[in-house]
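What follows is a group of structures, each given as structure tokens.
Here come two complexes built around chain A, the first alongside chain B, the second alongside chain C.
After this line comes the complex of A and B, so read on.
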């Protein structure tokens, strides 16, 4: 089953690539000044990878963006998960924190960008702040939902067994809520990349968003596509890493099959 | 001194701003090392009784004493076996059983010995590193019973522990529990709605009324079991065929049926 699905997937992608090549290079149906051909895409990729573009190579831009995503995401998770646990466990903490949360939550993360730039300038700090605001929300909400969804019997069993507060959090609440916590982290990671690119588009000195921005000003669609592909590839790669961490963190789910 | 004592216990529940009584003047004592089964029509509050002994709920009036002292809250001296097992799915069988002992701060070597012994007693050898969901329902309940037994608790509180099992597994578990209770007698409060299970397992069977629940009558099975020598039969079905068993069972059934009719008006 899996192999036949893989085949269909590969065939679909190959067909689209072939169609792209034919429409741009053979029939000329698509104007290559608006939408680049595969060859132009490849040349732009070579250019940014070797000589560089927008004050950096593909690698340096990528690493810069990756660094900001990892920092913003990590801080958001490090604050969001404990806060979600606290709100899920203690009605009092929820009553205290939730109103603030409800006030801030409807503001789209991208709306923080102007304020972040005014406060922190065009450097890294502003980007990390915006990523934090975007990535923080799904981490908190899903952790909170995960804790609230724990089977009451399981918590009663832990209390009956004389479990202390710290061990209850570490060995019962966290693993019981882990599937939801990881759902939150996946959404947080996605949000991190989205907001990073948006923030870099508005103004940045380096990074994949800056590549997109400069390429747009240079009217260079092939380089825009290279930038888009790079963001997509890094988003995919970081999601894969998170999936591996998730599988390692929850071995009891791995043997379920 | 009795191990568990319900002294004129009442319990009110609130719903839609109105309170209605779930229990009304429950009097029941369980002696040390005695196995008492509590049967009653559904909704009569038998699980509430167990939850108060466990410390998950407090009585609205009267007193619930364990070991002569009021129940302070849940704790490992009153181990509970839940109908839905309530194991920790992320812990292996051995880690589930070890969890309560670790909370007590027991040293690792002693812990290992205790766990090995209970795993052998419960027939769980070879499953130490399995996760709960890899086991059948009957095996999962064995783990839950092992987790409670290993604590060496003052009392064992079992809330319809075999209610979620299929009929065959249920019979095997009943025989196992009798075997273990003979090797290692404990004070047990056992909730069930299965009359035959209650008569087969218990020293005494307490029958409850329809809500608001009270103790209607308490039957001493122990004397009849000894006189008729039930224990010479290893199998549940052989015991259940004995005239003395059928007589007791029918008596309790009739007693419960009266309640059902009364509750359906």
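After this line comes the complex of A and C, so read on.
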């Protein structure tokens, strides 16, 4: 069953690619000025990879975007996870922080972009701020939910054995909430990429979003497609890295998977 | 600190703490701009934002008043979301029933899923223009995946005995989908619609920031280039409020559906 399923999938993808080639290059049903042919796509990819486009090669644009995503994501996780742990642990902290959170949360991360540009300009700082807002919320909420979902028995057993507060957090709360924390991180990572691309499309000096933006202004569909493919590839690659980290961090779950 | 488990805070204490939290947030905001620590131009006080919102309700900015901008945004949103639900839910159900369709669509879907919805903006602009077609495509790409995934999962995880019962009675594929899978996966579908609605609204805001000639996002970008921070913040508040209303409304529907099913 699995093999026939894989076979159908491969056949579908292959025939879609073939259809793309035929419609753009043989019959000309699709106007290549609006939708690039596979050859144009390949040429654009070669162009940006070797000579560069929009003031940089594919590698330099990618690394620029990747750096911003990693920075914003790391700061958001470093603030969000402890805050979620605190709110999950102490009902008083929750009562204090939650109303502010509820006030700010409905504003979509993308809506912070104009404000970030007003405050910090078109450089990297504004991007990191927006990514932070996007990645922060899922980290907090999922960590919080994870801590609240821990069985009270587990905590009571640890406390009965005289576990200190710090040790309890490190050896009971974090491991027990880890699956939810990683769910939050995965959502945060996705949100980071979405927001970064949006912020770079609004205005940037380098990065994959800038490639898309310049290509749109040049009416260069093949390069737009290359930019999109690069965004997708990096989103996929960083998600894979996070999945590996997750599996390493929680070896006890591997039995179930 | 650990006294919090032995004695949970009372309602009054919770309300007080919440009020302190909100007051210190607003106080910090106010203090920073009123004291001149941050230039008022960049951080207007909450009152400035309120006054600006009131002004925008009646006076046009960037070609329209705030309600008119909102109406334009909501119109696009409605088209895009209905399209996403209209394609995503039936396709998800069909994929849950026909294994060959599942095997065909899943690899294509997985390949496209990692492209952030917002990355479709330049393409959408090239294809459908910046009027209504482009933004609709962006909302669609944001709202479509949850609609599809939830309908698919809902259909896949229907209790096999219902399907077997239906098949034993000689029910055809179409009728099984409409009369067994659809009702059985309804709660999952509604949950997917709610998630999709939220993502669609977000994507719309993003699309309007980049390419549009009307709508709340466009108003905010104009506010940004005129260095009118109160306009930008007023736009953020409006977007947040509308998003909240949409979410609360769909949550009610979801709770109602789950209640009817005895799920909650």
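Heads up, the rule we're going with is that the second predicted complex is superposed on the first by the 248 of 257 C-alpha atoms of A that agree within 3 Å, B and C clash if a C-alpha of one lies under 4 Å from a C-alpha of the other, contacts with A are read in each partner's own complex, and residues count from 1 in each chain.
Operating definition for what follows: a residue touches a chain if its C-beta (ideal position, glycine included) is under 8 Å from a C-beta of that chain, and two chains touch if they have at least 3 such contacts.
Note that this is a predicted model, so its numbers are computed, not measured.
Within the superposed three-chain model, A:157 lies in touch with chain B and out of touch with chain C [touch as defined at top]. When the shared chain is aligned, chain B comes close enough to touch A:252, but chain C does not. By the touch criterion defined above, A:90 lies against chain C but remains apart from chain B after alignment on the C-alpha atoms of chain A. After overlaying the two complexes on the shared chain, residue contacts for A:212 are found with chain C alone; chain B is out of touch. Once the two complexes are laid over each other on the shared chain, residue contacts for A:14 go to neither chain B nor chain C.
Counted by residues of chain A touched, the larger count belongs to C, out of chain B and chain C. In the superposition on chain A, A:172 makes contact with chain B only, not with chain C. Applying the stated contact rule after C-alpha superposition, one finds that A:78 touches neither chain B nor chain C.
Of the two partner chains placed by superposition, A:39 touches none, neither chain B nor chain C. Common to the chain B and chain C interfaces on chain A are residues 159.
By the touch criterion given at the top, residues 4-6, 8-10, 12-13, 16, 34-35, 89-92, 95-100, 103, 106-115, 117-119, 155, 159, 165, 190, 193-194, 197-198, 201-202, 209, 212-213, 215-216, 219, 221, 224-225, 227-229, 231-233, 235-236, 239 of chain A touch chain C in their complex. Residue ranges of chain B in contact with chain A, taken from their complex: 54, 56, 73-76, 78-80, 82, 84, 86-91, 99-100, 102-104, 131, 133-134, 147, 151.
Interface residues of chain C facing chain A in the complex, by the touch rule stated above, are 1-2, 4-5, 8-9, 13-15, 17-22, 25, 42, 99-100, 102-108, 111-112, 114-123, 125-127, 201-203, 205-206, 209-210, 217, 220-221, 223-224, 227, 229, 232-233, 235-237, 239-241, 243-244, 247. Note for the complex: chain A touches chain B at residues 151, 153-154, 156-164, 167, 171-172, 175-176, 178, 250, 252, 255-256.
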